[in-house]
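Alright, structures below, take your time with them.
Here come two complexes built around chain A, the first alongside chain B, the second alongside chain C.
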Partner chain A sequence: MLRYDSTSSSAGSSSGSLSSSSSSSKPPQQDIDGLLAGAGYKVRSSELRQVAQRLERLETAMGNSPADFSQLASDAILYNPSDLACWVDSLLTEFAEPPPTCSSDFIVDPVNNQTVVNSAWTAAEPHTPQVHQNITYDEQQSLDNQLTVVTAMEEDSGIRLVHMLMTCAECVQSGDLSLAASLIDDMQGLLTHVNTVCGIGKVAGHFIDALSRRIFQGMGGGSVNGGSAFENEILYHHFYEACPYLKFAHFTANQAILEAFDGHDCVHVVDFNLMHGLQWPALIQALALRPGGPPLLRLTGIGPPSPDGRDSLREIGLRLAELARSVNVRFAFRGVAASRLEDVKPWMLQVNPKEAVAVNSIMQLHRLLGSEQTRNSPIDTVLSWIRGLNPKIMTVVEQEANHNQPGFLDRFTEALYYYSTMFDSLEACRVQPEKALAEIYIQREIGNVVSCEGSARVERHEPLAKWRRRLSGAGFRALHLGSNAFKQASMLLTLFSAEGYSVEENEGCLSLGWHSSPLIAASAWQAVPAWDNHMSSS
Partner chain B sequence: RVVPLNTWVLISNFKLAYNLQRRPDGTFNRDLSEFLDRRVPANINPVDGVFSFDHVDGATGLLNRVYQPSSLNEAQWGMVDLEKPLSTTEIVPVIVFFHGGSFTHSSANSAIYDTFCRRLVSLCKAVVVSVNYRRSPEHRYPCAYDDGWAALKWVKSRTWLQSGKDSNVHVYLAGDSSGGNIAHHVAVRAAEADVEVLGNILLHPMFGGQKRTESEKRLDGKYFVTLHDRDWYWRAYLPEGEDRDHPACNPFGPRGRSLEGLKFPKSLVVVAGLDLIQDWQLAYVEGLKKSGQEVKLLFLEKATIGFYFLPNNNHFYCLMEEIKNFVNPNC
Partner chain C sequence: MVENHRREDHETGGENKEKRPKFFINDHVDILIEILERLDGRSLCVAASVCRLWCTIARNDSLWENLCFSHVSPPPSSVRSVVLALGGYKRLYTGCVRPVRSRLGRVRRASWARDEVQLSLSLFCVDYYERLGGSNSNGRLVEKSSPSSLMFLCKPVNV
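Up next is the complex of A and B:
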C-alpha cells in the first residue's frame, strides 16, 4: 500500500523506454514538482503538504453548504489556477471566510493627503447578483465574462494605475502637460496588464481617455457630449434599464408628486427633461387609481429640439395621451423645445394659477451651475421663476457627487471614486445591450466632468448638502419624503435589482447607493411663501 | 492516504474544481471549466521523441490531435508528412484515444491527457490520435459516440496512417473513464459496420446502472468520487428522462444486448480496486465474456482513479507494460 509520501513526488522519473514528456528535458526549477508541472500546475514540493491541507479545509467548508458553491463560483474572482497554492487560498478566502465588504475603497492617507487604494480593491464581490431577467444559464455563457482573473501582477497594476491617474491629474492641474502626456502613454501600456472587462481596468480606461482628450484636444471638448439628442435618449434609456438609479429617481419623485396632488382636481407636471417620458406612465396609472378619481393632468415636457424636423416631444406626448386615455385620465400635453434649460421662460409653460404644479427635475439643475458664483447665474434665474410658479412640490434628483469643485485634481479624484462605484454596481447587470450602452452613457458623463471646461462642462454635480443650502437660500423649504417612499424604494430594489444596492434616508431625503456609497439623491421642495421680503435683506 | 502526495493534490484539485463547475440544477459552468482546464498546445517539434499537431476534420469540425514518434532523421523534425504511410514494412499501431472527464470535462489538449498520449506513443511506438469529442451537458448521447465514430472513420481513411505490407491503418481504441465507455460503443458500431479495430483498451471505463452495487455503497465518497457526482454526469449525458439502465450506461444491463457473434475487438479492461464503480466494470467484463468475446482484466487492487496521470506509482508501470504487450504482441 502506497503511503502519502512526499519523497516520491520529485521530478519526473524515467524508466526504460518511458520518459515523462516535457518535464524531463529541463531541470526542474527550484523545487517545483515536475510531475505536477507536466499536468499544468506549479507547486513547490516544499509547499505540497500545505496545499493538501488547505484542499482538505476547502472540502470541509464545501461539505457544509454545497449548493452555494457553484453559484459563488460563477461570480467570484479567482486567482491563477496554475499556481495551486494561490488558487486554493483564493477559494478559501472566497468560501470559507467572510469576504471583504467593499470592492472599491479609497482611503485618504492623512499624513500626506494622498489618495491610496485600499488593498480590498481587487477582492471579490461579497453578494451574488440574482439573475432576475429570464436568462438561462446557457445564455449566460455568452454574456460578458463574469469571471475575472486577477493575478498578483494585475493587482499591482491596478493600484499603480490609480496612482498614475492621480499624478496625471495633478500634472494637468499644474499645467505640466508634457509630463501628463507621457503618463498617458505609460498608463495605456499598463492597461494591457489589467483586465479591462470590469473593475479598475474598465473605469481606468475611461478616465485615461478623458484625460487624454483634455490634454491633446483642449477643453472645448465639444465632441464628448456632442452626441445627438437622439443618441443621448437611447443611451439614457439603456442606463434606465441596466441599473436602478433612474427607476429609483422616477419612483421616488412620483410618490412625492402623488401625495402633493392629493385633493387637487387640476394638476400640472413640468418635466425638465422629458427624454422618452419614462417617468410618467406610472404616475398616470397611479392617478387613475386615486380614490375619488383622477384629476385633469397636464404635462409639460421640456427637451432639446429635434434636428430633423421630427417633433419627438410631441410623439412622446401622443403616446402618453394614449395611455392616459386607456385608463380614463383626462390628459393634456405640451412640449417645450429648448437646447438649454436656462432658455426656457416661465410663460412657455402656461401655468394656470388654479392648478397644483409639480416641477420635476431629474439630474437637470446641476447643468445650470457655472464655475463662477455670480448673481443671476442661470441657476438663480431658473430657481427664481420656479418659485414664481408657486409649485406645490419640486422634486429634485441629483447625482450625489462633488464634481463641481474649482480644483481639477479634487474633481478628478471625486469622479474616479464615484464612477468606480457606479461601474462596480453595473457589474450586477446581466442584460445586453443595456449594460454596454449604459456604460457608454456613464462614459460620456465622465468625459464631460474630466475633459470639458466652461460652458461645455455641464455635468456639474453637487452633493445633496450643497443643494440643500442652495435651495434654502433661494426660498425653498424641504418637504419630507415619507417613510412610505422609503419602504417603496426598498421594495423597488428587491424587485428590480441585484443585491448590493441600498436606500438611505437622510433628513427627509432618500438616496440610492452601491453598498455604503450613495450615488443618487432625491429630495422634494416647496416654495417658502413671502420669501421676497427676506431676499431684499440679503 | 494511498496515493503519493502530489497525485493526491492533483486529483483533489480536480475534484474541487469539478464541484465548482457542476450546478445542482444539472447545468454546467462551461466558462469556468474552460478557464480552469490546464491546456497545452501541440508541438510539431519533437519533445522526448514525440511530436504533435492538431487536425480539424472539415466535415465534422472535430479537432483531433495527432501524436507521432519523431523521425530518426533529425532533418525531418518540424515537418509532417501527410502522404507517405507510416511504414511499408512494419505495422505501426494507431491508437484512437478518447480522453476522460465523465463526458463533461477535459479536452484532447488538456495537459494531463497530452502528457498521457505522449507516453503512449513512446511506450508503444504507436501513433496516437486524441479525439476532442463534444461534451455534455451541451451535447448529450449519442454525440460523443457519433464523434468517436467519425474520428475512427477519418483515421481509417488516412493514407499517411497506413502501415505494414497490407497498407492498412491498424487501429486500436482506447480511453479512460468516459473515454473507455466511448471506445466500447464506437467498437460496437465499427464491428457492425465491418470496420476492423484490432483492440480496445478501457481504463477504468465509465459504466453504471440503476441499482446501487456493493462497491458503490462501500466506496462512495472515499476516494475522490461520489455517487452523487456519478449520477450528475449520467443525468447530464443520457437523454433527458432516461435512467442509468440506458444501454449507453449499462451495455449489458436489462436493456443491453449481447455482442455474441459480432466481430468485436479483443479488450483490455483495467479496473482500479478503489474505484466505486468497479462492480459495473467487472460486470462489463463478464458481459464481454458471455458474448464470447476476448477480454483481459487487469485488476489493480490498491489503485484509485487517475493513477495513470503521474508516473509515480507501481500501478502506472504495471499498466504501461500491459498496454505495451496488448498493442505490440510481437515486441
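Up next is the complex of A and C:
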C-alpha cells in the first residue's frame, strides 16, 4: 500500500499533506489507536507501522541537515501535530525527502519497527490497563502483536497481584482481617490467569499462602515449623545442590578458616549447624594438603536432637572421620545436640585453651534475634560466650535482607522483593528434583517470615550493615576476607552459570547476589583483645 | 616380494631381516605409554577402546595425573596420596577437572589454572564424602542413590 493512499486527513487543519487521491472520509473512531489517543495523538491503528517508519526517516533527515532547523522554526506553517501521520508527512516534505516509488523502500528492519510499536504499548500501560484489541496488521506483525498483547496482559495481572498483595498486607497490619480475607480470595482467583510455573505467579502464590495462614490460623506458625529435623535436612541438602548460595557460604568460610589456622597445629572448629556436614570435607582436604602438613583437627557440630533414638550427629561425625582418615588428617568429632542455639553453653564445647578456635555460623545468628531489644537477649549471651572462647576467627554468613523490622508491611515488602529475586535465580537451575525441593525450602522461609510472630518467627534476617554494628558493639572486629576467597567465589559462580550471579566485595566482606541484588553476605570476625566486661551503651 | 610378505606373516620371530621391518606398536609398550601420556582426555578415552592392552595402559592413573596438572607446575607429592584416597586421578579428571576447565574456559584468566585444580579437588572431596554417605545405607541418607553434589557440573546451566 503506497503511503499516499493511506494518508487521509481527519478532522483538523493539516494543510501540508501531499496526499493526492485520498478519500477524505473520516476514519471510523474505533480504528484510532487507543493508547496513543490517551497521549493526545490521533493515529489510525492500521497506519501505525507506516507512521513509525516515517518518524524514523524524519529523525534521520533532521539529523542530516541541521541547517534546515532554523528554517523550520521561522517559516513553519503550523501543522496539527495531533494528526501524527499528516504531521510527519509534511515535515518530511519540508526536508525535501523524495517520495518513495515503491513500498520496498520501506523495508525497515522489522526488529526496529517492532520496538517502536512495543514502546508504545509499554509506555501507555500504566495509564490504560485495557488492551487494544482490534488491530489489522499483516500476518507477521499481527502474530508478534498478539504475543505482545498476551505478555501485556500477563504483566498486567502480575502487577495487579503485587498491588493486591501489598494492600492485603496493609490490611493485616491495620487489623482489618475481613477485608484481608476477601483480598485473599480475589488474589487466588487472579492466580488462575497468571502463569504459576515461573516468575511472579509462583512467588505470589507462596506469599498468598503465607498470608492466608497468618489470617486464618493465627501466628503460631502452624505447619510451617512443623517439619521435622529430618525433613529440614533433606530440603537443606537440595537447596545446597540447586543453587550456589550455600556452596558460596561454605567455600568462603573455609578459605577464611584455612587462612586463620595457618601455623597452628591444634585447631578446633565449632559449627553452629552441622546438618550433613557438607562444609567440612573441603576444609579437611585443604588442611591435608597445606604446606607443613595437616594439624590435629577437632570439629564440634551443633544440631537439633534427632528423634527416635538415632544419633544423626554421631553418624555425620563418623563419615567425616572416615574421610579424614583416608587423607591422613588426625580428626576428632564431638556432637552437641540442642534444639535452640541459645541452649548451648560454652562448657559443652570443651575448648582447649591451647588450640586455635574457629566459630562457623551459616545463617544461624539471626535465629537468636528477638523483636524486643532487651539487655540480655539470646544474641548478646551467645556473642559474649563466643568472645570468651577467644576464637581466631568467626565466620558469619547471613541472608542480606531486612526481615526483622517491627512493622509488618515493611517486612512483607522486603520479603516479597528478596524472595522474588531468589526465585528468579533459581530458574537457572535445571536439576530436578533438587529445584523443586529447594523451592519448598525457600517457601518455608517465606512462611516463617510472613505468617509467624514472637518466638515462632525465627527467620529474622538482618542486613550486613546491622550485623556489623552489632558485632562491633559486642567486641569483635572485622577481618578482611582476602583476594583468594574472592577468586574462589568468582570461579564457583562461573561454574554454576556465567551470567546472573555476581560476587561483590564490600569492606572486606563478600556478598553473592543475583543481577547485583545481594542475597547472601559472608564476613569474618575476630575478638578484640582486652575488651572491658561492661557492655557499652549503644 | 609377495612371497616374502606371506612368509613373514607365518613367522613369529622375524628372523629374516626385511628391507622394511614391520613395526607393531604393541610390542613397544614404553613408546606406547609415552604417546598416550600426551593425549588429551577425550583421546585417551577413545584410546582405551582400541584393544585390551591400550585399555589397561589408559586406565593407569598416572596418565590421568598428567592430564590434571597439564597446565600447572607439578604439585607437591602429598597431593597424590590424597587424590588416590578420594578415588583416583581418572575420576578427578572426568568428574571435576574437565568440566571445571570447560566451564571456566570462556572467562579463564591465566592465573586461574592452579586455582581451577584446587577448586576441582575441593569439589572432588565433597563428592567423595557424599559417596561415602550413599554406601553407608543407614536409612537416613539414601534418598539419592547417586551423589549429586557434582550434578551442577554435569548439566550445563543456562539462564
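In this text, the second predicted complex is superposed on the first by the 378 of 538 C-alpha atoms of A that agree within 3 Å, B and C clash if a C-alpha of one lies under 4 Å from a C-alpha of the other, contacts with A are read in each partner's own complex, and residues count from 1 in each chain.
Quick note on the criterion: a residue touches a chain if its C-beta (ideal position, glycine included) is under 8 Å from a C-beta of that chain, and two chains touch if they have at least 3 such contacts.
Keep in mind the model is a prediction, meaning the values are calculated, not measured.
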item	value
Partner chain in contact with A:R319 - chain B first, chain C second, else both or neither	second
Partner contacting more residues of chain A (chain B vs chain C)	B
Touched partner set for A:V43, first chain B, second chain C, both or neither	first
Touched partner set for A:A52, first chain B, second chain C, both or neither	first
First, second, both or neither for A:S82, with chain B first and chain C second	first
Which superposed partner A:D33 touches (first chain B, second chain C, both, neither)	first
Which superposed partner A:R477 touches (first chain B, second chain C, both, neither)	neither
Chain A partner contacts - residues on chain C that touch it in the complex	76, 78-79, 81-82, 85-86, 99-100, 103-104, 106-107, 112, 115-116, 119, 121-123, 125-126, 128-130, 132-133, 136, 138, 140-141, 143, 148-149, 151-153, 155, 157-159
Of all residues in chain B, those that touch chain A in their complex	1-6, 8-10, 12-13, 15-17, 19-25, 27, 29-32, 35-36, 38-40, 47-50, 110-112, 114-115, 118-119, 122-123, 138, 302, 309-314, 317, 320
Chain C partner contacts - residues on chain A that touch it in the complex	230, 234, 240-241, 244, 251, 254, 276-278, 281-282, 284-286, 288-289, 291, 293, 310, 312, 315, 319-320, 322-323, 326-328, 427-431, 434, 487-488, 491-492, 494-500
Of all residues in chain A, those that touch chain B in their complex	1-6, 8-9, 12-13, 15, 17-22, 24-25, 33, 35-36, 38-41, 43, 45, 48-49, 51-52, 55-56, 58-59, 62, 66-67, 69-71, 73-74, 78, 81-82, 84, 87-88, 91, 136-138, 141, 145-147, 149
